[in-house]
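Shared between the two complexes below is chain A, which pairs with chain B and chain C, respectively.
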Partner chain A sequence: MRKVLSNKWHIMVFVLPTVLFFTFFVIIPIAMSAFYSTLNWTTKTKPTLEYFVGFKNYIDMFTAKGSSFPDAVRHSLLYAGASVFLQLPFSLLLALLLARGVKAESFYRNIYFIPVILSSVVVGQLWRKIYNNDYGLLNLFLRAIGAETPKGGWLANKGTRLWATFVPVLWQYVGYHMLLMYGALKSISPDILEAATVDGATGPIMAFRIQIPLIRPMLKVCLSFSLIGSFKLYDMVKILTDGNIGTEVPATTMYREMFKSHNFGTGSAMAMFIVAECLLFTVLLNIIFKDRDRERSR
Partner chain B sequence: MKKFVATMLALLLCLSVVPALADQHEEVTLTFGSIWSSESEATRAPFLKTLEEFAEQYPWIHVEVDWNEANAWKDKGDTLASQNAMPDVFYWNAGGILKAMVDQGQVMALNDYLDDETLGRLIDGALANMTFDGKIYGLPYTNACSVLYCNKALFEANNVKIPETWDELKAAVEAFKAAGVTPMTTGGGDRWPTNMLGDILMLRFAGDEAFRKAVFKLEGGTFLDEGLIAGANAFAELVEMGAFPDDVAALTRDESEVPWHDGKVAMYVMGQWEGGNLADKEDFIAVAFPAVPGVDSANAFMGGPAEEFAVAAYTEHPEEAYLLCQFCAENLSKNGYLSGAGLPCWKADFSEYEDQIAPITRQIVALTNEATSFLLWGNTALEGEDSELLMDQTLLLLSGEITGDEFCQNMEAIFE
Partner chain C sequence: MKKNHLPIGRALIQFFLIVWLFACIFPLYWLFSFSLKDNSEIFGGNVVGLPSQWIWSNYSTAWGAGKISLYLRNSVITTAATLFLTLLLSFMASYGLLRMRWKGQKLTMTYLMLGLMIPMHAALKPLLGILMDLKVLSTHLGLIIPYTAFNIPMAILIISGFIDSIPMEMEEAAYIDGSGVYRTAFTIILPMMVPALVTASIFVFLQVWNEMLMASVFVSTDNVRTLTVGIQQMFGQYQTDWGPIGAALVISTIPTLVLYLCMSSQVQRSLIAGAVKG
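Up next, the complex of A and B:
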């Protein structure tokens, strides 16, 4: 085996199918989108160099009168913030609690994970019912305790519609991140935890000084998934509000631009922006974590 | 003699085989992209009946129906079109929405298949919204129009007059509000039902000519027309009066129709197909949307042949696909009318079916018989981003986030 793998040609043969697959289904479509994004391509024009407009589509999607893309980007950044600062800490808290060995640990672990296995359509419809003005659980509860409900309903009120759209997504994936972190926590050697306990570490000290530093690689994975998921968010927004004004995110705006307004060039530019945004944040995360790792190793 | 008889018998045998051979067709399977996935859709039953009739008449053509919810089909259709993967025959809207599909090379022109006899069976102007540069890209199955449906029982119970003018409509809204009844509803989240309401208000306040110029972007067209601004402001006034449920802007059409069908809402602006849902309910009637005194638009209607069946440009069986398209359009026109889900746009003798036609359908027919004009709905007449802008702005009006003046100002962008 070692002999086979020492030959670079052999390695190439093994890697080739994946490289071809990746090239045809990832690299080429992205390259084509990049090309389309420089064209004035609508139903009345063709995707040819004759309609080349350079970076005009990229400028237009941010500056054109009435363009909702800047709002969509702002919304996705807000969602990313909520994911990083609300969803992940909450998932970590749950993971830490479960990993400590609470009663019915596996029951709770499964319960928290159930929303993840549900289809987004089901979760979206479920939350539409929860938000309903007349029979929704949320309003029934608020009315029961004498609190006010938002005028226009949760999904239409100017002040609540954006967060009412984000909450179901945050809720749905708490279990996913929790499970990843829980798995990492469980893989920490009991010897380390025992030694820390002997040294007097309990509760928060154990969590912050021992457990969290030891699951940093998994936290990085969760952070990456969370950020990338935020930038390409689509399905839940589509189901809850159809991406109507005030709740648009880049993917819903891109979809409308392409398939409803039939501006395929501008839509492709939006798609490229989403790809670039995901890549940029992934690289940034890698840099940040590498720097931290270097500092720690010093 | 024996030889002669034997020859004649053989000849007879050969002749009897000829028609049998002629009747043999190659088995063909066609796909059909349809809406009406929900059992509650009024057009579903007549469409199924039409498909059964087609299967009887053309047993060698098998039809695989892809059922969709109306809004979902628009999304799916646009996505399929981007991959040149439209079904052989499909439902689509007419006007600008169809034009965009035609411009993408997705729709087959039917001129080569349509003969004068078939065209003669269509009502006048039926193909106007599906003909571009002389080419016919679809066949309508209904003559559409939006009307004001009223829950007569609620009007009588609360002693409110069925509104015939704009002022009476406002009075009715006030009266129902005072009685704790939801005056009107619409599916804001889906946008197009709200657009239907905005359209009829602007038509009533501005008249057909001004609104037609605006939505078809004709010479001299502008949304800054006084009548159109008044219409948009009238919409804003209804919102301010609290004519709609509190969460109307978030409701889908299906969600908004639940309390309406349960008899908890007094009025609803919707297309003629809603008549099919109300056909067996005596409490409901259809009337023309209230008139605006001083404006000659009382009998102008939004609608006309606005929905059709079309054939994909790249279908492998164009002849069979045309047969399916034409058969379904003509027969659904009849079956839809008989079930109360539509108004016929193909000429047919309905005298033997008179007692089958629901009273609410007769009311709609009576209204359209008085029609002075039909104007395609704004979101259907306008293309692509203009249509999107109209629906977005109408939703903002419904949410109370912009005024009628701002709506018209923002809509001017379609002329830039």
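Up next, the complex of A and C:
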């Protein structure tokens, strides 16, 4: 068997196609993006070294007059904050409530997960209807109770547009985080919970002292999903506001720079910035959670 | 566990859980009722209620004039081909990476896992050029190729985690019986891998079926356009007629919903596997 499984030809047939495919359509394009990001490449120039400008695009996208990229990055950080401080605690609360055992536990869990599998087109269009200025559910409700509605509509009003764009995404993925946390909570040994109950731990004390510390590894997964998701945010913003001023995020600004303004160099620099941001946050989270993970034997 | 909180606390918890339940199920209800209404009801007359007249013709309008049948066909072709290619390549690679013995196994695995951290946004422009050079832009392959490439790392992660749990004795017996490497991999190991393949398929299916960015950049003809982008375009064209758009949204959601209704726990498991990639 050793012979069969270390036969070079067999190994090549099994592994090489995938490696080549991946290299050609994932790694090489990323490397090309990195290269493009150092060029002054527009419709008038070509992607050759002749137009090499070094880090100029990276500086320009933050400092050039009228560049919306700093705002886009700021928005994505705001979204990340909202996700970490609102969405995750809410999901955790749902997970804790479900995991302690309520009637029809799995029914709730299955329904809570439905928004996650719906496409952004469906979810986005639903929320556009909810936000609609004239006949949207939100405004109908506000008018019914005699409250004021934002001028120009939720998605256009200066004060509301950014959060109105974020709420649907936050809402959609609550079920996802809830499920991850619920799974982790359910895998805590009943003995531990039993012992804690005997010692008099109830509800909140049980949650904060026993359950939450024990699911730390899963909380890390949720955090990294939230943070990385916040930099990749695209579909929903595109559908809700088309990434218009006041609601732009890095990916929509990159798209615009690339395919509307045809500034391929700057667009590529933005793309690389998104990649770098994702990597940076992954590394940061790993450092923050490192000590605990080491204790946990795999 | 002991239930020692006050009845009023328990009632509040139930109430809270039920409110959120409605918040999650509402989109499906809204989608369905909206697909059977006409404009006068959608615009103000009857926003939340069931349609006063169930206009099933919205579906035939969407199907024919709205080109939904075409977009659906395209989505099915693209998704099915991506699934087949991704699973085949990932299974073979996983087998080669975990069962065969060679130098650089670990390094190759790490290399492929790099793909998990790279958002596909970052490759758009170069991919556009590469696909153009290959003359596959605005063909089904123009989406199948990048979708497969970007889904391979995740599929390998799921599949290789499972291969590890199959005892080596299975293959030893096969090889002693004189079975070749291809026969062993495809007729002995592959059938045992079904749960992992299902998990990977669901994950890939949801990614591909709902994908919008590449589908809008790499495709410029209706003959190849997939549902997400196709429907998104209808919003521009049929401003006046919303019912059929609702019907289109329902049609595009049915495959996902059926999948979820039939195997909700597998769907949940596969998306968990997608998150716990580390």
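Please note the rule applied: the second predicted complex is superposed on the first by the 263 of 298 C-alpha atoms of A that agree within 3 Å, B and C clash if a C-alpha of one lies under 4 Å from a C-alpha of the other, contacts with A are read in each partner's own complex, and residues count from 1 in each chain.
Rule of thumb we're sticking to: contacts are C-beta pairs under 8 Å (C-beta built on N, C-alpha and C of every residue); 3 or more make two chains touch, one makes a residue touch a chain.
Fair warning: this is a prediction, and the values are worked out from it, not measured in the lab.
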item: Contacts of A:214 with chain B and chain C, given as first, second, both or neither; value: neither
item: Contacts of A:203 with chain B and chain C, given as first, second, both or neither; value: second
item: If touched residues of chain A are counted for chain B and for chain C, the larger one; value: C
item: Chain B versus chain C as contact partner of A:251, first or second or both or neither; value: second
item: Contacts of A:259 with chain B and chain C, given as first, second, both or neither; value: both
item: Which superposed partner A:111 touches (first chain B, second chain C, both, neither); value: second
item: On chain A, positions contacted by chain B and by chain C; value: 134, 255, 258-259, 264
item: Residues of chain B touching chain A in the complex; value: 71, 75, 78-79, 82, 100, 103-104, 188-191, 245-250, 255, 259, 383-385, 387-389, 392, 395-396, 399-401, 410, 413, 416
item: Complex interface listing, chain A residues touching chain B; value: 42-44, 65-66, 128, 131-134, 151-156, 158, 161, 241-242, 244-245, 255-264
item: Of chain A, residues touching chain C in the complex; value: 1-2, 4-8, 10-11, 13-15, 17-19, 21-22, 24-30, 32-33, 36, 94, 97-98, 100-103, 108-123, 125-126, 129, 134-137, 140, 171, 175-176, 179-180, 183, 193, 197, 202-203, 218, 221-222, 225, 228, 231-232, 234-235, 238-239, 251, 254-255, 258-259, 264, 267-268, 271-272, 274-275, 278-279, 282
item: Touching residues (chain side chain C, partner chain A) in the complex; value: 1-2, 4-5, 13-14, 16-17, 20-21, 23-25, 27-28, 30-31, 34, 42-44, 47-48, 89-90, 92-93, 95-97, 99-102, 108, 111-112, 114-115, 117-119, 121-127, 129-130, 145-146, 148-150, 152-153, 156, 171-172, 175-176, 180-181, 185, 206, 209-210, 212-213, 217, 227-228, 231-232, 235, 245, 249, 252-253, 256-257, 259-260, 264, 267-268, 271-272, 275-276, 278
